[in-house]
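Naming follows writing order (A, B, C and D), and every chain is counted from residue 1.
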Amino acid sequence: MATKIIELEKPKLKDPIFIEGLPGIGHVGRIAATYLVEELKAKKFAELFSSHFMHYVLLQQSSAVHVLKNEFYYVKGKKGQRDMILMIGDSQSIDSEGHYEISYEVLDYMKRIGVKEIITLGGLGVGEQKETPKVIGATSDVGVEKKYKKYGINFNAGDKVGTIVGASGLFLGLAKIYGMQGICLLGETSGYPILPDPKAAEEVLKVLSKILGVKLDMSKLKKRTKEMEDFIKKIDDMQRKAVTQMMSQQMPPKKDETGKDQLSYIG
Amino acid sequence: MATKIIELEKPKLKDPIFIEGLPGIGHVGRIAATYLVEELKAKKFAELFSSHFMHYVLLQQSSAVHVLKNEFYYVKGKKGQRDMILMIGDSQSIDSEGHYEISYEVLDYMKRIGVKEIITLGGLGVGEQKETPKVIGATSDVGVEKKYKKYGINFNAGDKVGTIVGASGLFLGLAKIYGMQGICLLGETSGYPILPDPKAAEEVLKVLSKILGVKLDMSKLKKRTKEMEDFIKKIDDMQRKAVTQMMSQQMPPKKDETGKDQLSYIG
Amino acid sequence: MATKIIELEKPKLKDPIFIEGLPGIGHVGRIAATYLVEELKAKKFAELFSSHFMHYVLLQQSSAVHVLKNEFYYVKGKKGQRDMILMIGDSQSIDSEGHYEISYEVLDYMKRIGVKEIITLGGLGVGEQKETPKVIGATSDVGVEKKYKKYGINFNAGDKVGTIVGASGLFLGLAKIYGMQGICLLGETSGYPILPDPKAAEEVLKVLSKILGVKLDMSKLKKRTKEMEDFIKKIDDMQRKAVTQMMSQQMPPKKDETGKDQLSYIG
Amino acid sequence: MATKIIELEKPKLKDPIFIEGLPGIGHVGRIAATYLVEELKAKKFAELFSSHFMHYVLLQQSSAVHVLKNEFYYVKGKKGQRDMILMIGDSQSIDSEGHYEISYEVLDYMKRIGVKEIITLGGLGVGEQKETPKVIGATSDVGVEKKYKKYGINFNAGDKVGTIVGASGLFLGLAKIYGMQGICLLGETSGYPILPDPKAAEEVLKVLSKILGVKLDMSKLKKRTKEMEDFIKKIDDMQRKAVTQMMSQQMPPKKDETGKDQLSYIG
């Protein structure tokens, strides 16, 4: 199988709600979900590896390598809260086929754990930085929006959005096959993919914390985003470099190619 | 499996004829088959999802997401008519491999339901809008054309056509492996892919209704096409945007790239 | 499975020799093997379809569609001859992965039939039309060339060839895994892929007929090649058009795109 | 399966250490591992073929074809040494998916043989030829570097490297899933991929021989590299040509294309 989920622990959860936040525009979903993992001290129980991620490893502060992966965490709900599963990670699939494969694998796994409701998080590029970004909602089925009406979500997405690309959209769209329902929360952001937008993430987190009945201290969000920023820029930079190198390896050499562009390649 | 067929109902059909009409040039096949589904009040019994469709979901009028899919409908034949299965949908495969995979999956499924005859519908780009578009026929086997001779189909396709690309051609070409026979009906159209051509679809429907022994009121065809048009343009537009975004994600950045082109990306 | 072999008959053969001749440079291998099929009145016993061929069907003289395929024929050897299996066809894989997949499927099938020796046929582009093209030999293993020394084959391939791309090379290279041995015969040809070269094919056939102990009347070779030529040009032309269309579908539209280039597209 | 490992012998090894050195920048890993295979007179016990290698065969000095492959050798450790497995070869995967597939297949195979420690070898492009290239280390896990501290490895890789592309990185990164630990040794080299760098390989070998407790005579390294050079240049040249040809086959012909560029194509 080209996508592997390695289970570290078999969590016993009661009607857990599944929340996904992976890299994407403004890293809105990723920032929000990662902050939730940290603030709720969620526990990692599984990792996902995929041949639809780039074929390199990262070297961070230490000399240990880091394979691109997605991670699953759980939190037992406190009084009045439900149990939660959080999915965060370094990368989405780099091709169309992988997006479907990963969605199927994850939804299948979540179904076995007992998930019936999912919330996916993302950003919506609107071309400018808004003072107070709105949170746009898209649902898995017609009628589901009623359940979420009281949380201040803007449900006029159809007018302006058109499509939701990647995991946030596909998880929601394919949920019905697995007997799940849910919502996608999109925070308005300026739209340049690699610039993390903590403001949009904060607005998404405000709505999400109301839905989950969770009290969140937002004061560390900017600091945490700042810490994340270097890592995000590094991955993004490496992703671009790796793609350039892959292409230069597979492309026939151009006439004026001197080889100097490839000096940073490692093999 | 990368292509999933989700069965909603197990229809009991007697020697059903299978009719396929998916998006393509002038959307001739799609318009014709979709109109037939509506006019005959056909009932949906299965949906097909594939990792060979684009990895985004659509947001339509409501805020509910819509995964790209193909759909299967059936109609019990009235007196003098055969039972029918109709396949319509949002998309064809985006790669060569997927075209074969989907053809095999569908033909295998149809064989299990008992299909022995198939009719595929499409457009034939001829470079100009004809007053009365002809309907060109291509068959699964030499000799099959005799069966359809009385319906006014032009069987000189070999001279002008050369190839039939995608589902309409492959379904027909691979039918023999599954013990099926059939015909492809191609309505002459100007040839610009995204402009729906109800006139060509009408000519195809005229021939098809004779073959099926079905009386069709064509008066709503233009109106229905008009309604469909916005949706088609939106999908087409999104498909282009999504492809552009995919490529800009995977391509190394150009030197003069400012990021502004990516403002509408959602993740 | 993405490559299907449909068996029409289970031939009972004694130690058959397998001969492959598919499209390639100068269509040398294809012309030679197809001529052998015709002259020896070989009988078709299996067809191979693959999702690694283009996703269109051809329309030839009749209005019946033709899916791209490879075909297997057999001939029972007359006195002093061995039984033979001949593989000919319309296309090779359009991607690297498919080349391996098809090689594995075919060699596996041939092993089950009892093949222990294979001969693959092809052209070798040398940049000019030679008066008497040489036949260059490449073998599956060091030492195998001894077996073929008496047939006037040039075994200095290593000096000038470097690589053999596609089926002719891979079948030979992977043969060892399946307990087979053999040779690749390459006829020197000018090198323009779509121009069929009957002269090079004749030289290959001369060597091949000696190896097989078969008497071949070459007088019809030019005429047969002439007949084949139109079909080859048509396929080649369609292949190019189809690829252009696939790319224009998947590429973002260029600013000056008017859609007129796509007029011949059929869907 | 698209990647096949053909076992020639079932070696009985005690806690073997796995060492990988495949083609890459400066061919540092390949030169080092191949030299080790030769100097230690290691015995080949398995071969790996993959549909993620190029679809051609090579013709070397003899007229026998050579399919691209990876090879596994073993050496029984002498007194004070551990048993070793060495993986060398002609090629790495040509796509991202294949890199994962091959890594999984190999690690799975190594696990069954009993491997718990792996060492991967590669080059690190630094833009200039250093007098005494450093050997940079990256580890499978935080803390593993302690085990290798005494061997003069530079563990500040994180600062300058960023990513390790391909087999050397992925084997190490995915090792944990298979219960293995290890290190990647990268020799500093100028960075032009096709120029073999015996100096960097020597520095890597010095560190490696200390880890393995093996005495190595380095005097033949330059000569051996020289011998290897022609072969490497030939493969590299062929790889480029084959890719060019593949692309020109699949690309629509350019208006000024005369076919002359394709003269060396063989099929």
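What we mean here is this: a contact is a pair of C-beta atoms (placed from the backbone, for glycine too) under 8 Å apart; a residue touches a chain by one contact, two chains touch by 3 or more.
The shown structure was predicted, so the numbers you read here are calculated from the model rather than taken from an experiment.
Asker: With a step meaning a move to a chain it touches, how many steps does the shortest path from chain B to chain D take?
Answerer: 2
Asker: Among the other chains, which touch chain B and chain C together?
Answerer: The shared contacts of chain B and chain C amount to nothing, since no chain touches both.
Asker: Centre-to-centre on C-alpha atoms, which chain is most distant from chain D?
Answerer: If we average the C-alpha coordinates per chain, B ends up farthest from chain D.
Asker: Tell me whether chain A and chain B, two copies of the same sequence, contact each other through the same residue numbers or different ones, using over half shared as the line for same.
Answerer: Different, since under half the interface numbering is common to both chains.
Asker: Rounded to the nearest whole Å, what is the centre-to-centre distance of chain A and chain C, using the mean of the C-alpha atoms as each centre?
Answerer: Distance between chain centres: 48 Å.
Asker: Centroid from C-alpha atoms only, then distance chain A to chain D, rounded to Å. What do you get?
Answerer: 34
Asker: List, in ascending order, every residue of chain C touching at least 2 other chains.
Answerer: Touching at least two other chains: 94.
Asker: Tell me, which parts of chain A touch chain B in their complex?
Answerer: Touching chain B from chain A are residues 22-25, 29, 92-94, 96-101, 104, 122-127, 137-145, 155-158, 161-170, 172-174, 177, 184, 186, 190-193, 240-241, 243-244, 247.
Asker: Can you tell me which positions in chain D touch chain C when the two form their complex?
Answerer: Per the touch definition, chain D meets chain C at residues 2, 4, 6, 49-67, 94, 234, 237-238, 241-242, 245-246, 249-253, 259, 262-267.
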